[in-house]
Amino acid sequence: MTLWFPLLLPLLGAFLVLGFKNPRAAVRVALGIGIAEVLLLGNCAWKLRSAGVLQQGRYLRADGLTLFFLINLGLIFAVVLAYSVGYLRHIPKGRFSSPRWFYALVFLFLFTMVAAYLSANLGMLWIAIEATTLASALLVGFYNTKGAVEAGWKYLIVCTVGIAFALFGTIAFYLAAVRGGVPAEMALDWATLMTAAPGMTAARELLKLAFVFAAVGYGTKIGLVPMHSWLPDAHAEAPAPISALLSAVLLNCAMYALLRLDAITSHAIGGNFSHTLLLSFGGLSLLASAFLMIVQRDLKRLLAYSSIEHMGIVALGVGLGGPLGLFGALLHAFNHSLAKTLLFFTTGSVRETFGTLRMDRIRGMGRALPSTSAVLVVGGLAVAGLPPFGLFVSEFAILMSAFTQSHYLLALLMLAAISIAFGALLYHFQRMLSGEPPGSPASANRPRPLAFEIAAVSICGVCLLILGLHVPAVFISVLHGAMAVLQ
Amino acid sequence: MGLVEFAAAKTLASSAVFLFITVLLIAAATRTSTCIVLFAAQCAVITMQVVAMAYLHRSGEALVVAAMVLLVKVLAIPYALLRIRNRLNVPADISASTTAAQSVYIAAALILLAFAVVQPYARAFALDSEMLAVATALVLTGAFLMVSRKKALMQVIGLLVLENGIFLAALTTTFGMPLVIEMGIFFDLLMCVLLMGVFVFRIRDTFEHVDVSRLRRLRG
Amino acid sequence: MTEVLFNSLLVALLAVPAVTLVSARWKKAASLPALLLLGALLAGALAAVLALGRGHHLSVDLSWLAPFPFLLAIDRLSAYFLLLICVVGAPVVLFSTAYVERHYKGPRRHWLWALLSLFLLSMVVVVTAATAFAFLFAWELMTLFSAALVLIDGDDGDWRRNIFIYLLMMHAGAAAVVGAFLVFLPHSTGLDFASLRAAAMVLPAGARTAIFLLGFIGFGTKAGIVPLHLWLPKAHPIAPSPVSALMSGVMLKTAVYGFVRLVFDLLGPGPVWWGYLVLVAGAVSGLLGVLYAISEHDLKRLLAYHSVENIGIIYLGLGAAMVFVAQHAPAWAMLALMGALLHSLNHALFKSLLFLGAGAIADATHTLDLEELGGLFQRMRVTGTVFLVACCSIVGLPLFNGFVSEWLTFRSFVAGANLAEVAPAIVLPLMAGVLALIGGLAAACFAKVYGVAFLGRPRSLEAAHACEVPWAMQTGMAVLAAACVVIGIAPGIVLRPLGGVVEQLIPGAALPEAALTVTRMIPWVAAVVVGVVLVVRLLPRISRVTPTWACGLPGLDSRMQYTSTAFSKPLRKVFSQVYKPDRTVEILPVDQPCFPKSIAYRSVRTTSFERSLYRPALDAIVAAANRLRRLQTGNIQVYLLYMFLALIAVLVYMRFA
Amino acid sequence: MTFAIDLLQLLVIVGAAPLLSGVVGRIKARIQNRRGASIFRPYAELRKLFGKEDLVPPTASPLFRLCPVVLFAATLAAAAFIPALHASALLGNTGDFILLVYLLALARFFLILGAMDGGSSFGGMGASREALVSTLAEAPLLLGLVAVSIVAHSTSVTSIVRWAIGRHLFQLSPVHALAFVALALVAIAETGRVPVDNPTTHLELTMIHEAMVLEYSGPSLALIEWANAIKLNLMLALLIALFAPWGIASSASISALAVAAVAYVLKMAVLAISLAVLESSVAKLRMYRVPDLLGVACALSILAVAFTALRR
């Protein structure tokens, strides 16, 4: 039961929230359900920590890897929920802004992601990931402006086509399993596939075909270049808390799926094929996004390309494999979700004060919005991978594993791309923060940040700092648990 | 080998040809409604195939799958699409970027390409190369439709054709996945089409047209 | 004992930000952060001296805290540079107690103290780090804190552009340093210096060259070697004076420390062309640094260019040492390395003194443009004398510390002649000529600076009404000046412990006696010169004040004096190839050139690394980004096409891989 | 005993300096068909100036009166390096030529500062030109000495001379020839003789050294003039010691010293006559032709250093 409750609560919550017409009541109910969900996730994580693997029925299973990603999901969801309570005030009246629908869709989105993490077999995993696309497409188009509708449509079409390829990949895995002698109804179950993987070397070509389709499919959801085109539009047009959720958790969820499939292929036919593929996609994303960040004009698009860059780094980490590579990749996914959430929170008040997110029209933010600028600076330093924050540690780990396996060219490419991305971020943030704010300083009537917003932002900041200075022993054991599952 | 077995074997053999015809027709179609009808025909053929396979392999599960295909793909989705098209009251032509003749040639070329690509795999895994070729052809044509057609609804149909191709591939290679997974996939497909319908209406409300290639606001 | 002192240094530097918060609330404790900082630095200096003396290997293990092994160890080299940081840091902190009081109010002041202590802490950790992670962690933090300190002064207009260039180049340099340390990895068990040292034995030649080049570029960017020096004259002048003193005096030395640690300690002997590369870099940096400095009339930018010159001199010493090591002459290598390390300490002392002097001038006259100063010696006696000592030291005149290190470098160049191979036997002595030319140009430049700023007639009202700075600033500067003179006259104090440091870095030889002859020689010369000066000063000489001779014309005003641009004109004319000046002469009124009311002459240097090297590179990157941006066309059909092409490409790769 | 001889040697160099400039002045006058002043006129001039009072400009700082003293002291210390009569010098045994060059640089630095303090344009003009000439002269001076010291395998001035004494007349290598010409050119530039700067002129277009000391009078001017004379004597004595050391006493016996004294007077006379002839026959170079002259000196000294390695 510890798995079913955290799964079903968001589904029920979604329909429950729909029932409350009055916005204040809807927000309160949503908060209640949110807290309950976080507690359930915490309890499930606690039991999982002690039990190692939890299996309920044929379709729900949770192991070390799920534990790590559930913690990531729970933490980010709690922070985003806390922030969104205050955020809905920012939405100008004209927009489609009923909190009821907002929270319903958010809980639906949460339900699909928890389903993805807890699903035992690859088919269920695929269905859950497809469902995340559907749930988040409406959220992307929430504002119903021209840009939001266009972004939503592109997001829906491109991701659905991508997921269709992933379906073909899953089917090919199923075929390879069946050919490898696994009984038909268990042929999609991840655990059985892992144990049977060494036996499947006969279907080498089919497994390579399966991984190619899965990589392109789930790669679209992760936003790896050249399948990334939907990501900047979707993250730029979605409301701030939603782009935070998309950037921080949805990309990790797709990466989780790819991790599962990469584990099977590398066990069956050895890692070099799948890892070369991941390295090439990761390197391409890292380089292309670093260059694209230089010429961005909109703040949220800049942050979206930065997400592509960091997902490229995570893909590099997974592609390099080994104790250091995987440790760096997982830690980097976690750190990136925290830092990106922090940055997306600032876009809300920036849009409200300056009326736009076009960076060449934002001047003197340091004086107009001192607290938001502080958050922007902390987030910017973290995303640029500078020392006091966690991303420096994980990038260092990935670089160490790259050099240990003497991938010199790849490592130097990564260092160059990180420097270019740092230059782009520095150039844009400096232009926004310095100088005199245009027009009348609207600081007088700016609504004071709510306690929730301050709490959300400080949780992210403190976690980033802790992970930068000292990765707690508990967290390291969770990471090693997750790596053990994949090894 | 009774009459029924003979009929089932024949339907399996001839269904590939019917599917090729529907592929070429969809490529040549100029109006959205004909495309929807052709898609429904395609699904009908696939249903026939599933029934035949169910009968040959005596598996009750396959029958349930056939029923679902009939319900979802032959009836529900085409009906929904037609209703959407009628309420859209926008010009019915599909304003493709390639003329009808060019589309047919491309579709034919894709079919030949599908055969070429499939041969090694079919031999390697002792699969029915013809059916696999059809599946790949469907996938490639679906992709081509999405890339070349400008109307939003046509992109949805392109996606559905692509989905059909993948479903067919699954069918021929593995004789059907576990039932729960199949049902999940169909449910997802249905939700996806509904959602696309919602978005098509939203595009028409905000842009006064449903020409996807003119959605160019978000760049760089 | 040293452990206690070193730990107290670390804890105190960490505590200062907290203390500033307390002092922000509780007015009485306003000077507490400064005192704590001063005490910490003195404790650090004591710890360094003890560690240097006994060569005792002290280490502090923080691996339980940090995600990767984080070890701080003080061997002789670290102790020497720790001493450098603390000895220069203390007077700068003393100076800034008064400076900060007069220039910064409210929150900016507390931010300045907190960031200053964290900046010092990061430099201490860089110098004492014994694992690559600790070194790189502190290395990047050092840049961030220095940038934050610069931001305290202002953040718009050219501040923003300069800080952008500074941070971008520092980050690129840091990336190269990360690369340098991590190339060891395939052959090394861990990332601590001990295992790196062991791995260096088994490194293939290609990896060694890669590590050397990455280290040279990485540390060269931070040190300010010529092609990579672009940030130095942009970042140092805009920082508050005590901060630019620390940046120029001490931060550049951490780069020298890093390079010495990587090349001499971790990598060990390499091919001779490494030495030649460092020699050429040093020579070019020295010459171009001083030539650019001569054409400057903004004092802080001039001093920044001089930092490039002095780093060039240090690299000349390092290059000579590397050539000697490659030619199996460890005795002379020790002499050259000793010259380079001593010049690092000397440069830290007199450069921070010069920047503090510039700060004092800015405090008194609110301007740093040499064209508006003049006659300050009359009005600021202590600052004048102290600045004179600093000028003499940087030029390398005998009774001051600059001379000792340049003498050691000269001596090693001359000793290069008795090397077996012909090439170094010619190159090294010729480098002595280059060093002499650099010395000559530096003498001309600082004669200009001191003559224009402190002597003659004040050229502006501010200069005329300048008054002496408060005592704290004076004592801060006086301590540094005293250190310069003491090392200048009795170099033995520093040379003996420095010998220990050098023996640790270049094993297998005793220090050549030539190094110690300088200690016996200079006191005698000092005695003769000071003796004669005192004797002559005692002679009874009556003096009478009469107006300066002006060829019989009635009045002589300040505009008739030579300005700094005029003083440097002959040299700029001779070295015009370096400047390619474009000169404009404006005679008003234009219609009657024969009866000019005003003639304005302006000469602008057209050669600049920024325009010829950095601007094209940046434009190329942005152009590539723009082309890439056009791929995101906005049309969904094109996006789908990208996906299908990607799928086909991967399928083709799978087919043939 | 040697200390006394070295001290005597220093006094000789310092004392005889004004005599040398007097002799050169007299020979130049003779060449120009003038009777010329007596060779002891510089001594009279120094005694006159020491008696006068020091005129100080109102804007000048205390540094104005300190600079001539430091100039004199540094030049004196430099003079203590040169073994004119006896193959050892007061500071020359331990000190080496690098310190000698930089002591001259110290003297020049303070002279420039003193000039700038006067507050008139002449001081600035002289200082800026002196900065140009001395900067360009320092490299060839040092490289010339480096070449000589490499051949003699030691940097101490006296040991170079002791090595040179051991070799008889015609064994001097091309290194010495090149170094001699370079050092001679540099000596002319350093001491401000005719081709570079005319010591007797007051025409602001051409004067370098005179412009700097225009403001000085009384004892300060005396110290500057004396220091300038010592510097001339010092440079010539250095040329003699390095390139024509025969006759310099290697042992401290009276007879050897007498021979050394006679040899020193003869060699100095030869140099004085050649200097006077050179000054009368050559016109002063334009200001921006001097760098070419010093460029030639620099090229020669680089060649000398290169030859030390090539002809090993």
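Note that the chains take the letters A, B, C and D in the order they are written out, and that residue 1 is the start of every chain.
One rule holds for everything that comes next: contacts are C-beta pairs under 8 Å (C-beta built on N, C-alpha and C of every residue); 3 or more make two chains touch, one makes a residue touch a chain.
Not measured: the values here are computed from a predicted model.
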More C-beta pairs touching across which pair, B-C or C-D?
C-D
Based only on mean CA positions, could you tell me how far chain A sits from chain D in angstrom?
79
Chain B to chain C, mean C-alpha position gap in Å, rounds to 71
Measure off the straight-line distance from the CA centroid of chain C to the CA centroid of chain D, and report it in whole Å.
36
Averaging over Cα atoms per chain, report the distance between chain A and chain C in Å.
44
On chain B, where are the residues touching two or more other chains?
143, 146, 155, 212, 215, 217-218, 220
Which chain D residues sit where two or more other chains touch them?
none
Multi-chain contact residues (two or more partners), chain C:
629, 632, 636, 640
Pairwise chain contacts, counting only pairs that touch as defined:
A-B, A-C, B-C, C-D
Taking the complex as given, what residues does chain C use to touch chain A?
65-68, 133, 136-137, 140-141, 144, 155-156, 159-160, 163-164, 167-168, 171-172, 175-176, 178-179, 182-183, 185-186, 191, 210, 621-622, 624-626, 628-629, 632, 636, 638-640, 642-643, 645-647, 650-651, 654, 657
Provide the residue numbers of chain C that touch chain D in the complex, in ascending order.
375, 377-378, 384, 388, 392, 395-399, 403, 407, 410-411, 413-414, 417-418, 422, 425-426, 429-430, 432-434, 436-437, 439-441, 443-444, 447-448, 450-452, 454-457, 514, 517, 520-522, 524-525, 528-533, 536-537, 539, 541-550, 556, 558, 560-562, 566-571, 573-574
Quick check on the complex: what are the chain D residues that touch chain C?
53-63, 65-66, 69-70, 72-74, 76-77, 80, 90-91, 94-96, 98-99, 101-103, 105-106, 108-109, 112-113, 115-125, 127-129, 131-132, 134-143, 146-147, 149-150, 153, 155, 214-215, 218-219, 223, 287-288, 291, 298, 301-302, 305-306, 308-310, 312
So in the complex, which bits of chain B are touching chain A?
121, 124-125, 139, 143, 146, 152, 155, 159, 162-163, 166, 169-170, 173-174, 177-178, 180-181, 184-185, 187-188, 191-192, 195-196, 198-199, 202-203, 206-207, 212, 215, 217-218, 220
Sort out for me which residues of chain A touch chain C in the complex.
153-154, 157-158, 161-162, 165, 208-209, 212-213, 215-216, 220, 226-227, 229-230, 232, 273, 276-277, 288, 291-292, 294-295, 366, 381, 384, 386-388, 392-393, 396-397, 399-400, 402-406, 408, 411-412, 415-416, 418-420, 422-423, 426-427, 430-431, 433-436, 469-471
